[in-house]
Amino acid sequence: MDLNNETLLDIHLRMVRIRTFETEAGKMAEAGKIPGALHLYVGQEAVAGGIMAHLSNDDWITSTHRGHGHLIAKGGEFGKMFAELYGRATGYCKGKGGSMHISNMQLGMLGANGIVGAGPPIAVGAAFSIKYRNAPNVAVTFFGDGASNEGSFHEAANMAALYKLPVLFVCENNGYGEYTAQANHQAIVDVADRAAGYGMPGVVVDGMDAIAVYEATAAAIERAKEGLGPSLLECKTYRFFDHVGVRGMGLSYRTDDELAEWQKRDPILIFEVRLAELGVLSEAQAKEIHEKVLADVKEGIEFAEASPMPNPDSLLEDVYA
Amino acid sequence: MDLNNETLLDIHLRMVRIRTFETEAGKMAEAGKIPGALHLYVGQEAVAGGIMAHLSNDDWITSTHRGHGHLIAKGGEFGKMFAELYGRATGYCKGKGGSMHISNMQLGMLGANGIVGAGPPIAVGAAFSIKYRNAPNVAVTFFGDGASNEGSFHEAANMAALYKLPVLFVCENNGYGEYTAQANHQAIVDVADRAAGYGMPGVVVDGMDAIAVYEATAAAIERAKEGLGPSLLECKTYRFFDHVGVRGMGLSYRTDDELAEWQKRDPILIFEVRLAELGVLSEAQAKEIHEKVLADVKEGIEFAEASPMPNPDSLLEDVYA
Amino acid sequence: MAEARELTYIGAVAEATKTVLQEQDNAFVAGEDVAGAGGVFGSYRGILEEFGDRRIVDTPISEEGIIGLGVGAAATGLRPIVDIMFMDFMGECMDEIANQMAKMRYMFGGSAKLPITIITMSGGGINMAAQHSQSLEAWICHLPGLKVVAPSTPYDVKGLIISAARDDNPVFVVLNKLSLRNRGDVPEASYEIPVGEAKVVREGGDVTIVTYSRMVGEAIAAADKLAESGIDAEILDLRSLQPMDTAAIVASVKKTQHVVVVHEAVRFGGLGGEIAAQIQEEAFDYLDAPIARVGAPFSPVPFSPVLEQAYIPNAERIVEEVTKLLGVA
Amino acid sequence: MAEARELTYIGAVAEATKTVLQEQDNAFVAGEDVAGAGGVFGSYRGILEEFGDRRIVDTPISEEGIIGLGVGAAATGLRPIVDIMFMDFMGECMDEIANQMAKMRYMFGGSAKLPITIITMSGGGINMAAQHSQSLEAWICHLPGLKVVAPSTPYDVKGLIISAARDDNPVFVVLNKLSLRNRGDVPEASYEIPVGEAKVVREGGDVTIVTYSRMVGEAIAAADKLAESGIDAEILDLRSLQPMDTAAIVASVKKTQHVVVVHEAVRFGGLGGEIAAQIQEEAFDYLDAPIARVGAPFSPVPFSPVLEQAYIPNAERIVEEVTKLLGVA
C-alpha cells in the first residue's frame, strides 16, 4: 500500500474541495443564481476522493448527473466549474452543458451525463481505446444504485469482461434512485452481486471511508493493468442533500434519523479524525485547509459572476467539428 | 413428481411435432417455397416440450426469432403455421407476420420476435397482468444465450424479481448467437450465474433431457405460484441446423465433430430410449407417432399451399384496433 | 355535469389519471417515482393514497422494462398508463416503442389489442440542457400503430388523457414541462376530446398559424401583437399529431391563404415538414405565399439561459415570420 | 489511379472498409458477427484475415453497448466504424445515438471530437417483415450533431464510406439490403464523395424526381417508362440526407417546375415532408403544381410477398405520380 502521508493529504484535499464547492453551489442555487437542476455530491466525497487519487489526466472517467464531485476530484477548476453552472461563456462547456454535462477532456473527464446509465458503455469505449493503444491507463465509470438497473450497465459490464478491458465499474450506492429506496428498485442488497454474472470480481466497499475506497481501487487498477479485466466496486454511501438541490421537493421518502445516522459517518469528519490519529493532519491544519479552499471557492464564484454570458451567436457553433 | 405416462407421452408428442414440422419447413425453405428467414428449432425440442407440458392456454409465453417450436409445443396447428410461413391469408397472422412474428393469442403465445431480447420485458408485463388479476398462471419467456447480453433481459429480470412476478426466464443456451460462440460473447460459462444478481434462483438444466427440463420447470412454477417470484432456468442445448435455414450461409464457425457429439444426445433419440426403458413407448409405437405426425405436417403444408394469398387491400388493416 | 373550475396543466394530469383509474378497473399507472413521490412533476400526486400500490407502481430506472411491462400487460388484458419522465428518455426504450408496441397488432394479423397510454414530458425553457429539453414527437408520429396527442391547455390535458386511456391503441400523451403551472377551466366530470381533432383557438382571416402544445400560447401572444398591426391571425391547435386533422388545416388555409407552421422541435425533420407538404398537396391553388415554418435551429438544446432563449421558438419569431410572409415588413 | 472494375454494392462496403483500415491506424470495426462471419451480409468479408482481431471485433448482441463503445473510443482518439446490422435495431441504442453521440461535442462546448462511422442496413423487399425492413432515416436526420448518407451505387458506397470515415463527426451510412448484389464500376484507388453533395443521375426538363438509396433505381426505371410517353424526367440522387443539398434540389426544380419526392420510408413523417417544405420555401414561384410525395403507406412492413410488393414504393407508383402531376393522365 502506497498510502503515504502525501497521498492521505491529497485525498483529503480532494474531498474538502468537493464538499466546499458543493455546499456553496447549493447556496447559490437556493439564491436563484444557478439555472436548471443541480445534483449535489455532498456525503459521497470519499468515493471520488479515494478513487481519483489514483488517476492521472490520461485515465478517463465517465460521470453522472451528480458529477461535480468527480470533476473536482479529477482536477476541475472552481472558476470554470462555477462559470459553467452559471451558464457563462467562460465555463468548461462555454455554458452549453451546465451542471448535468460538465466535462473536461484535458482532465480525462468524459462528462457528467443527464441520462442515467449512459456512462458505462462510453467508459468501455474509452477502455477499449486504452487497450487498443496499449496505454498504461484505466477508465472508471461512476454510476448509482438506480443506474445499475439500466440495460446499458449490463451491456457495458458484459463487454468489458469479455474483452478484459481496463475499466472499473464504480457503483455509488447511496440507497436511493431519486425518491425510491433501493429495496423498492431491486431485490438485492449488494449491487456487487451482479459482478459474478459478467465474470468479474465484485467488491463491497465502505464508501464513507476514503482509505477503504483508495485501497479497493488500488487492487482493481492493478488487476486492470495486468490485463485481467474489469472489476465492480460498490461503495456504500449516502447523499446528505436531497436528490436535486439542497432541500429538493421536500418529500419525506427518507427519515431524519436515517440521515443523522449517516451524518455521524460523514466521510470528511471520520477521515480527519483518522488523519489526526495518524498524526498526519492536526485540527488546526484541517481548519486552515477548509478556509483556504473556501476562499478558492469564493474566488471561483466571483469569477463566474464576473464572466460574460455566451454570445447568442455562438448558439450554432460546436454542433459539428 | 406428476410425471406419469400420460405426461411423458405428451412431452414426447410435442417434441416430435416440433422436429417433424421444422424438418419439413426446412425442406420447403430449401425448395424456395418459404419467403424470408427461417430459424429452425431442431435440436432444442426438449426445452419447449418439457416446459410447455406444464402450461395451459391461460399461461403466457414470449418467444424469439426461433419461435416455431414454442408455438407448436403451445398447441399451434400445423396448417395455420405453414400458411403463415408461406405468407398466406389463412396463416395465424394473415400472412402479415411470417416466421419471425408467428403468434397466437388464444394459445397464450405472445409472438415470435425478430428483435433479440425484446421478449423478456413483455413477459414481465404478462406476469404483472397475471398477478394483478390474481390468476393462477405463469408467464414464460424464452431467449438465447446471445440475448442474455441485451439490456432488455437485465431490466426485465430485475423488475420481475423486485415485484415477485410469476415468470420463468428460460435461457436456451445453444452455445452460439448467430455465428459467435458463447465464449466470444460473454465471459461466463453459465448464464444461470446472472440470476443471483437479481435476487432469483438460477438453475442449469440439461436442455437435451426433456425430463430434466420438465422437473426443473415444475419447481420454478411452484415457486412462482407461491408468490416467491421468478426463476432463471438455463437449458444447455444445441441447434442441429444452421442459424438461419438448414445450411445457412455455409460458414465454418463450429465443427462437424461438435455437431456430431451433440447429435449423439439428440433430445428425441435419448427420450425415446428412456421411454422404451420405462416401458412407456415401444420402438414401433414411436415410429407410428412419427408417421402420424409427418402425415399431419404434410396435410398442413397442403393446406398452406392451397391457401390464398392475402388480398393486397388488407395491407392497411390491423394497424389500429 | 359538475362545474368547471380552474386547474393547473399538471393538476389536470392527476385529475384525468384518477378519473381513468376510477372508470377502469384494469387501468394502472407505472413509472419512475410515480407512486411514492407522485411523479417528479407532481403529475400523480394523491393517487397512491387514493388507489393504493396495486394501481400505481414505482419502477426501477429501466425504461425498456417499463414500456415492455406496459406492452405485455396491455396485450394480456390490462390498460396500462405508463410514465416516461422526460421524452428524451425514449432513446432508452425505442425498441419496445417502435418494434413491439407499435407493430404487435399488425404483425399478429390483428389478434392483439394494445390499450396503452404513455405520458411523457417534452420541451425546454427550464434550463435542463440537451438531454432533458427535447421535443421528439417526430420520431413517434412516423410510426404506424401509434397515436400521439400534445395538449396545450389543462382542459385538453384532461380530455385527451381520458380519450387516450379509453382508446384500444397505444396513445402517447406528450405534455410540456414549461406549461405545468398554466391554469385553465376544467370540468370536474369525465369528458373526452376526440383523438384526431384539431381546434381553432382564434379565428382570423389573414394567416393561419398551425401549431400545438406550448407553442399555442406563443401563437396567441403573436396574434395579439399582429393584431396591433392590423393582421388577423387564425390559430389552429392541432392537439392530435397522429392522426393529424388535415381537413381542419386545409379548411383554415383555404380561408386565409397564408400559413405558418410552428413547433418547438428542431425545424429540420420536424413535423412542420409533413404539415407543410400536406398543405401544399391539398390546397396548392389557395396559397398566396410559401408555407413558412418556425422551429428550433439545428443544434442540441443549449443550457445557458441566454442561449436557450435564443434557441426556443417564441411569439416574436412567429410575428417575424408572419410579417415576412404577408410582405408587410 | 488504378482502373475501375465492377464490384457489387456489398463488395464496395468491404473494399471501402479495407481502404479506411489501411489509411488510418486508429480505425477499427466493431459489430455483431462482423469479424469471424464477415458480416451477415458479407460487408466485411476478408477483413479479419487481412487486419486481425485487433482491428475488427465481434461484439455481443448489445447495441447500446456497441454504440457506447464507439462513442467512448472516438472521444478518446480512435476512429470507430460501428456496424448496426439492421437499421431497425437502432431502437435498442437510440439513447447512445441521440443523447450521447449526437450531442456530446455540443454539450462539451466543442471540446470533444466524435469521428464515428455507423454502417447499417435499411429497406424491405426480402420478406423480412416488420422488424427487419424499416427505413428509419427520418429519426437520425432530425438530430443535430449527426450526418447521414444513403448511397445508391457501389461507386457511391465506397466514396461515401471513405468520406464518412475521414469526417471528424458521426456519420451514418445507411445501406440498402435489396441493393447488395447490384453491380457497378468502382475504382481501385481511394476516393471521396463529399458528404452533402447530391448528384443529377439523369438530366431532364419536365419533372424532377428527388430520391435516394434504392429508390434511385426505381426512379430510373420510371424515367425510362416515362420517356416512352415523351416525358423527360430529371433524377436527383441526394446521396447525403444530412446535411442535405438543398441548392441542388432547388436548381433542378427551378428548371423543371415539377417535382416528385420519393423514398421507401413511411410517407407520413418521412424526409419527403422536409424536402417538400424546403422546395416550396425556396422555389415557390417556380412550382406549376403541388410537390408530390411517394413513400410507403401508413402500416408496418408486412411479411407476405404480395403485401410487401403492394407496400414498397416502386417505378410504377412513381410513373403514376408523375403522370398525375403533369396532368397527362
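Going in written order, the chains are labelled A, B, C and D, and every chain counts its residues from 1.
Following the convention adopted for this analysis, contacts are C-beta pairs under 8 Å (C-beta built on N, C-alpha and C of every residue); 3 or more make two chains touch, one makes a residue touch a chain.
These figures come from a predicted structure and were not determined experimentally.
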Completion exercise
Chains in contact with chain B and also with chain C, listed by label, are A, D
Practice task
Return the chain whose centre of C-alpha atoms lies at maximal distance from the corresponding centre of chain C.
Solution key: B
Exercise for the section: Calculate how many whole Å lie between the centre of chain A and the centre of chain B, each centre taken as the average of the chain's C-alpha atoms. Expected result: 45
Handout entry: Computed distance of Cα centres, chain D from chain A, in Å
Key = 40
Problem - Centroid spacing, where centroids are CA-atom means, of chain C and chain D in whole angstrom - result: 30
Exercise for the section: Can you check how far apart chain A and chain C are, centre to centre, with Cα atoms defining each centre and the answer in Å? Expected result: 36
Handout entry: For chain C, residues that touch 2 or more chains besides their own
Key = 59-60, 62-65, 88-89, 91-92, 95-96, 99, 106-107, 129-131, 144-145, 298-300, 302-303
Exercise for the section: Indicate the residues of chain A shared as contacts by at least two other chains. Expected result: 93, 95-97, 101, 113-115, 149-152, 155, 158, 162, 184-186, 319
Problem - Chain-level touch network, classified as line, ring, star, complete or other - result: complete
Practice task
Write out the stretch or stretches of chain D touching chain B in their complex.
Solution key: 32-33, 36-37, 40, 58-65, 88-89, 91-92, 126-132, 297-300, 302-307, 309-311
Problem - Complex contact set, residues of chain B against chain A - result: 149-155, 158, 161-162, 164, 184-188, 193-200, 229
Completion exercise
Given the complex, residues on chain B that touch chain C span 60, 62, 91-97, 101, 103-106, 110-111, 113-115, 118, 120-130, 132-133, 139, 151-152, 155-156, 158-159, 162-163, 317-321
Problem - List of chain C residues in touch with chain D within their complex - result: 88-92, 94-99, 102-103, 106-107, 129-131, 136, 138-139, 141-145, 242, 265-266, 268-278, 280-281, 284, 287, 289-293, 298-300, 302-303
Practice task
State the interface residues of chain C toward chain B in the complex, per the touch definition above.
Solution key: 26, 28, 54, 57, 59-60, 62-65, 67-78, 80, 95-96, 99-100, 104-115, 144-145, 147, 168-169
